[in-house]
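Order of writing sets the chain letters: A, B, C and D. Residues in each chain are counted from 1.
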Amino acid sequence: MADREVAIIVGVGGGLSAALARLCAAEGMAVALAARNTDKLAGLVRETGAMAVACDASQPGDVERLFATVADTLGTPSLVVFNASRRVRGPIQDLDPGEVRESLMTTGYAGFLVGQAAARAMLPSEQSAGQSAGQSDGKAMGQGSIFFTGASASVKGYPQSAPFAMGKFALRGLAQSMARELAPKNIHVAHFVIDGGIRQGGDDPRGPQRGVDGLLEPDAIARSYLDMHRQNRSAWSWEIELRPWIESF
Amino acid sequence: MADREVAIIVGVGGGLSAALARLCAAEGMAVALAARNTDKLAGLVRETGAMAVACDASQPGDVERLFATVADTLGTPSLVVFNASRRVRGPIQDLDPGEVRESLMTTGYAGFLVGQAAARAMLPSEQSAGQSAGQSDGKAMGQGSIFFTGASASVKGYPQSAPFAMGKFALRGLAQSMARELAPKNIHVAHFVIDGGIRQGGDDPRGPQRGVDGLLEPDAIARSYLDMHRQNRSAWSWEIELRPWIESF
Amino acid sequence: MADREVAIIVGVGGGLSAALARLCAAEGMAVALAARNTDKLAGLVRETGAMAVACDASQPGDVERLFATVADTLGTPSLVVFNASRRVRGPIQDLDPGEVRESLMTTGYAGFLVGQAAARAMLPSEQSAGQSAGQSDGKAMGQGSIFFTGASASVKGYPQSAPFAMGKFALRGLAQSMARELAPKNIHVAHFVIDGGIRQGGDDPRGPQRGVDGLLEPDAIARSYLDMHRQNRSAWSWEIELRPWIESF
Amino acid sequence: MADREVAIIVGVGGGLSAALARLCAAEGMAVALAARNTDKLAGLVRETGAMAVACDASQPGDVERLFATVADTLGTPSLVVFNASRRVRGPIQDLDPGEVRESLMTTGYAGFLVGQAAARAMLPSEQSAGQSAGQSDGKAMGQGSIFFTGASASVKGYPQSAPFAMGKFALRGLAQSMARELAPKNIHVAHFVIDGGIRQGGDDPRGPQRGVDGLLEPDAIARSYLDMHRQNRSAWSWEIELRPWIESF
């Protein structure tokens, strides 16, 4: 078990998390999938050998338990991907404050909780920090990648979509701050701007009307996540945008 | 009263809100100041004739009461400025989740509540919408300016400052979304990136070490807010950065 | 003459330069207008009392003569605005390299020549630098504003418009570099992103189809330039976007 | 020959072009190297089997000859990388206009010439366009990747470095315009922001003082270029930043 990389994917639902799980498993990683409701994960678990953990990522206790369970069962994660989000739409004057708050909690605050737990797992413990081999200038080094999944709304606030812009902008601010803070500790934090619709399963009804490759293929996105995870630290990226070739931007 | 412009300034504390209150009063506006604690506002209220309202801007009920009180007392606001924020700092692994949540609520979510209440006050009511004179293409028009105060952290996530980046990025996403949504309804939404320290009172201890104009003068910032409020709608700005001449960026 | 501010406006043609000339004159400034062809400026010269100078701003010698003439006749400029540009459009494979080069020279390189000449005029001469009164930390200070007019293409490269994007992006890079270099010397460099069509004369044929304020009013733009010029140096902006309220962005 | 991919790398000099040549050759591509002076390329040519072509990329005739020679000798390129640039530094008032112009020509205009020639080579000829198999909605498709190498100065104008900012901003505007224009024609245009120093050869004197990975390893950069070239078109990126883990940003 010590030789296998461990990946944690939070916010499983759409096509991206499943594609990531498959790719990570194919690369020999042990995979943990975290979702509010794990019932729908049965097929994916069977296919990839992944472990499924029930977790509401906007609850500190849930996130703590998730990381503790993975640490005990699979080992220290070297790749953590945060995919959760919740979209609320409507004219600004009609939005329900409670729903806006929930959207911000799920899209932004949950990203903080997962990012913090990942950093804690990847940074050297204080006891071991002193004698760590991977140190530079006397500072102990960490190890691993923490990736956040953004959207078009991460960099552009669309009308009638203020809550989603708030959550996604917040997540990007978190990712950028963590990238600046943790890169010098050998932890690679990156943010992905998914600028377009992601195909949901092979028979996505939007496929035909969008034309060839009019939706992002989850496998293609997952490939770029893995390329990013494999980057040599002398040339790290903190952000990348991905969009279909025929998407206007 | 019908002839006086009404300004609401939320998040009073530092030098900027006081300077805005003075400038708005000098321009003949009726001013309402909203803060959690109104005790410290006594001097400013005396000086400007402003009305002080106790309000925790992260509480929907408080914000609703604030706008209702102003509507009843002063009339419909034509300028609303949101200045509140709460900064939490520290290494990502050491941050307290509860404090991070509070920071996001005060810096981001409160901005939504105030922005929404301002939009509701400035948009035509549904009854009056039909017969409004200020319509274009049959759509009823609103009227007024909604301004959000950002910081360097609105556009750059600094290390050890993830919570503030989250809140300020979220506020910028809100402002951009609202600007795109409300500009065509004749409501001017703008975001100000205050990139530097603001002088707090005449004897700010940081003044001497920063040199001449090493801090932003609150009166100079307030001037740019008013210039923005006075912009002709054929040439509106949605964002502006302000920094001292000697600040590196 | 010593008491009048001097403004130089380069690239006269459309509505913006005329509006700037009128506003500067109304504010009591002595105005110089520079254009390749000064024939069409007769009316504006009569109206504003401005001086017209023939100048191809992409020629170093022309720009040098322009600034020398103004220095001799009106005095040291405190406001220089660069408005010149040349747009070339078409599919990338069909563009004529010679025209692309000219576009880059007129839109970008001419901006450098004018910006450099303005900086030379506004910085203290080396002889006077030692005894200057306006020094800080022993460094001599300059004085004045250098403004560059950009377009939507300054921040977004549109299809079939590569040459204009190249010239306008280059101008923005110049403005940003000069702002960082000259702000600490008391020279205010700023860049204006004009995001929309500017009304050209009172009977602009695009007016009606764009609706009320569907084009930027030149007078409204000029107002924002003057507001920027008057900013207190403790709160300078280096960039501002201006667009009609009904322009989508 | 028909089965080998063809890569053209323009602006050979530093470590990046050599690393790209090695990686492309290792991937089975036929490689053409274009530089003003090909003398220094002898070793690299021997090592990679590449073809060296003398070419001043700021001269339309030279660029035309380069692409014609490659077409005749190796075939149609599927990857073209533009690496050339020329940096001029100094206080704005001291810069030599002729050198600034040369810098803009080499860094920006040459990029246009190479980008245009690449587009012409990759787009279907007008004769073949009608019967092309790779068409979508009746429009003929192209094929290939056109990559531009930027720098920190592509997105930030540093003081005393206006000419380099102008050239690199212009190149980015070009790349963004071409990306929007050519992506729907199946040509992948991307821009790389290299944010840090690139190691020049194994014994780069800056290496030790920068510490472990304090410079970007050319092989690591080349890897990201190839990953980008291999991206599935349903999830293309148009820009990526690369920097050493310990570089502050």
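Note that in this section contacts are C-beta pairs under 8 Å (C-beta built on N, C-alpha and C of every residue); 3 or more make two chains touch, one makes a residue touch a chain.
For clarity, every value in this text was computed on a predicted model and none was experimentally measured.
Between chain B and chain D, the least number of touch steps comes to 2. Relative orientation of chain A with respect to chain B corresponds to a rotation of 180°, obtained by superposing CA atoms and rounded to a multiple of 5.
Computed centre separation for the pair chain B/chain C is 31 angstrom, with centres defined by C-alpha atoms. Each chain gets a centre from the mean of its Cα atoms; for chain A and chain C, those two points are 45 Å apart. Those residues of chain C in touch with two or more other chains are numbered 180. The touch graph of the protein chains shown is a ring with every node of degree two.
If you check each pair of chains against the touch rule, the ones that pass are A-B, A-D, B-C, C-D.
By the touch criterion given at the top, residues 60, 91-93, 95, 97, 100-101, 104, 108-109, 112-113, 115-116, 119-120, 123, 153, 156-163, 165-182 of chain B touch chain A in their complex.
Chain contact summary for the complex, chain B toward chain C: residues 136-137, 180, 183-184, 186, 188, 199, 211-213, 215-217, 219-221, 223-224, 227, 231-246, 248-249.
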